[in-house]
Amino acid sequence: MENKTLLRIEHLKKTFGDHTILKDISMEVKKGEVIVIIGPSGCGKSTFLRCLNHLETIDGGAVYFKDECISGKNISRAVICQHIGMVFQSYDLFNHLTVIDNITLAAIQVQHRKKAEVEQAARRLLARVGLADKETAYPRQLSGGQKQRIAMIRALILNPEVMLFDEVTASLDPEMVREVLDVIIGLTRQGMTMLIVTHEMSFARAVADRIFFFDDGQIIEENVPERFFDKPGTERAGQFLNSFKFNSVKVK
Amino acid sequence: MHLDLLFIQKFAPMYAKAAVITVQLACTGIVMAILTGLLVSIVRYRKIPVLSQLFFAYVQLFRNTPLLVQLFFLYFGLPKLGIHISGPACAIAGLTLLGGSYMAEAFRAGLSSVSKSQIEAAEALGFSHMQIMRYVIVPQALAVSIPPLCANVIFLIKETSVFSVVALSDLVYVAKDLIGLYYKTDEALLLLVISYLIILLPVSLLASLLERRIRYAGFGNTGIV
Amino acid sequence: MQDLGIRVLFEGENGIRLLLGLLVTIKLSVITIIASCILGTIMGMLMTLRHPAVHFITRIYLEFIRIMPQLVLLFIAYFGLTRAAGINLSGFTAAVIVFILWGTAEMGDLVRSALISIPRNQYESGAALGFSKIQLYRFIILPQALRRLIPPAMNLATRMIMTTSLVVLIGVVEMLKVGQQIIEANRYTAPTAALWIYGAIFFLYFFSCWPLTLAANCLEKRWKE
C-alpha cells in the first residue's frame, strides 16, 4: 500500500501567451510522500501546483490521480478539489463568514454532508490547531498565522488525499511562521501526501522525503533532502542555496 | 411672511394625492431599476458576448443624459414613430432606464470589489460557478453596493420631480398650478417643500441607518471597514 | 414623412439655434461648476474644522440642499424669492444661484471626505521628515487628496450639466426650449420634427457629458492604489 503511486504527472506544459512557464514536467508522488518544491521566484513552481487542481488549464501532458486522468477538460473541478486540497499564500478566507462558516461551507454545499457532523469535525480540527475559541470570529479579527491555520482546516475538512501548499508562510510575520508549519508537520505524522512550495529551507529539510528544484520551468534537480542541501548535484541548485547563507559575510 | 393658513388647509389634500402618485411611480420605477441594474451588472460581470457590449452602451447612454430629455424623447418623440406611450408608462420607463444605468454601476462596484483570490480559493474548494456566486461573491458585493444603491434610490425619488412634463399631476404640477391660479406662491412652495420632506426624510434616515449598520457590522477586511 | 423630419435639423438656422441653446446650457454649467469648486473647497475645509457651530450649520445646509429635488430649489428661487424679497430674478440668475448653492454643498462634502481620507501617519511621517506645514500640504497631503477628489468632482460636474436641463421649466431659453420652438414652428411642414429634435438634444447632452465620465473613470483607475 505504502508504495502505491497516488499522483503521476507526465510531460506537463503550461504557457501564457508566447511565454512558456512550465516546459516539460514529469513527476510521480507516492501515497504518504512529502514533496517539497523550491526554486527562484518565477520558476513556475506555484503554477505547477495550480495546474494540478485545475486552477490553471494545462497546455500539454497529463495528470493522473490513482491512474485516472484528471487533467482533461471534461473533468469536474469539484470532484478533483475534494481529493486535492490547496492552501494559498494569501489565506483568502471568505471575509463575510465567521471562522466556523468558512470551514464548513464547502463540506455542506459541495459534499452535501450533514451540518452537525461537519461542525463537529470543524471543532475537532480547530481544537487541534489551538483555535477552539475563534469559532465565531470574523477573518479580520484574526492574525495572519491564525487565518492561515484556518485556511488549512478549511481544506482538510473535505478529507483530501493530497494537499498542496503554495508558499503558505510567505506573507506571515516571522513569529507566526512556526505555528503554521507545525500544522504541516502534524500532517506528515498522519501520513498525508503533500506537495509543498516554500522558501523555508530548514523546514524543507526537516519534512521532505524528496526535494525538487525548479528553475526556468523545468525540474533541474531531484534529490533527497540531506544530499540536496549538503551537496547539491547541480551547479544552479548550489548557487540558489548559497543565496540563503550568510556565513561568508564578515561584519567589520 | 404672512401665510394664508386657510389656503394651506384647503389645498393640502391635493398635495397628498399628488404625493401618492409620486410615491407609486417612484416605487415601481425603483424596483424595476434595481432589477435592470442587477441584470446588466451580472451580464457585464460574466462578460457574455454581444449582450455585454450592448448593456455597456446602454449604461453609458442613460448615465450621461438628463431624465428630462429622456422623457421628452419618449413622450413627444416616439409617437412620431407610431409608438404611443402613456404619461405614467413614460415616467416609469424613464425612471427604469435612468435608474437601471445607475444601479448597474452600484452593483458593478460591489462585484469588482470581490478579489480574484477569493474566487480562486472557492474554486480550490470545489464550489461550482453558481455556488461561488451565491455564497462568496454576492454577499460580499452587496455590502459594498448598498451605500451607492441607497444614494441612487434617493436620487431617483428626487428625479421624479420632472414628471409634470409628461402630463402627470405630481407635486410640482400641483404647486405650479396653484401659483399660476391664485398667486399664493409662499403657501404653494411651502407645501411643496413639506411634501418632499415627508417623502424623502424617512428614506434618507433609513439609508444612513443601513449604511452605518453595514459599516459597523462590516465583516470584510477590505473596502468597507 | 420621416425624411422631412430629419431635414428640420439642417433647415435654415435651426441647427445653429439648437447649438446656441447648448451654449446657454454650457455657459450656465461652466459658471456654476467653477463657483462651486471654489466655494465647495472652502466649505469642505470648514467642515473638517470640528468646530461645533460650523459643523452644525454646514450639516443643516448640506442635508437640506441635498434632500430637496433641484427643481424644487429652482422654484423656490424663481417664484419664491421674487415675491418674498421683491427682487425680480431672471430664470437664468435664479438657476445660477441654485446650482451654485447645490454644487457647493456636494463639492464641500467631496472635499471633506477627500481630506479626512488621508491617514494620520501621512501627516506624522511628513512632519518627522522636517517638512513645514505648508510643505507638508504642498508635497504630501494635497497631491493625495486631489487624486481622491478629482474623479468624483468630475462626476459631479456631469451631474450638474445634466441637471441644468431643468431650467427650461422656469422659462430659461436653452437647448430644450429652442427645440420646442423649432418643433412648434415646423408643426405643419415637418410633423415628425419632435423625434429628430429631441433625439438630437439627447445626443448633444450625451456628447457633452460622456467625455467627462470617461475621463473620470480613466483617472480613477489610474490613481487607484
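In order of appearance the chains are A, B and C, and numbering begins at 1 in each one.
As a convention for this text, contacts are C-beta pairs under 8 Å (C-beta built on N, C-alpha and C of every residue); 3 or more make two chains touch, one makes a residue touch a chain.
Just so we're on the same page, UniProt names per chain: A = Polar amino acid transport system ATP-binding protein; C = Polar amino acid transport system permease protein.
As the structure is a prediction and not an experimental result, all values here were calculated from the model.
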item	value
Chain closest to the assembly centre - both centres taken as Cα means	B
Leader among chain pairs (count of C-beta contacts)	B-C
Maximum centroid distance from chain A, chain identifier (CA atoms)	C
Chain centre separation (chain B, chain C; CA means) in Å	19
Cα-centroid distance, chain A relative to chain C, in whole angstrom	54
Cα-centroid distance, chain A relative to chain B, in whole angstrom	48
Set of chain B residues in contact with two or more other chains	none
Chain B-touching residues of chain C, taken from the complex the two chains share	2, 5, 63, 67-72, 75-76, 79-80, 82-84, 158, 162-163, 165-166, 168-169, 176, 179, 183, 191-199, 201-202, 205-206, 209-210, 213
Interface residues, chain B side, partner chain A - complex	117-118, 120-128, 131, 135-136, 139-140, 143, 219-222, 225
Chain C contact footprint on chain B (complex, rising order)	1, 60-61, 63-66, 68-70, 72-73, 76-81, 154, 158-162, 164-165, 172, 175-176, 179, 185-186, 189, 192-193, 196-197, 200-201, 204
Complex contacts: residues of chain A adjacent to chain B	53-55, 77-82, 85-86, 88, 90, 92-97, 105-106, 109-111, 138-140, 151, 154-155, 158
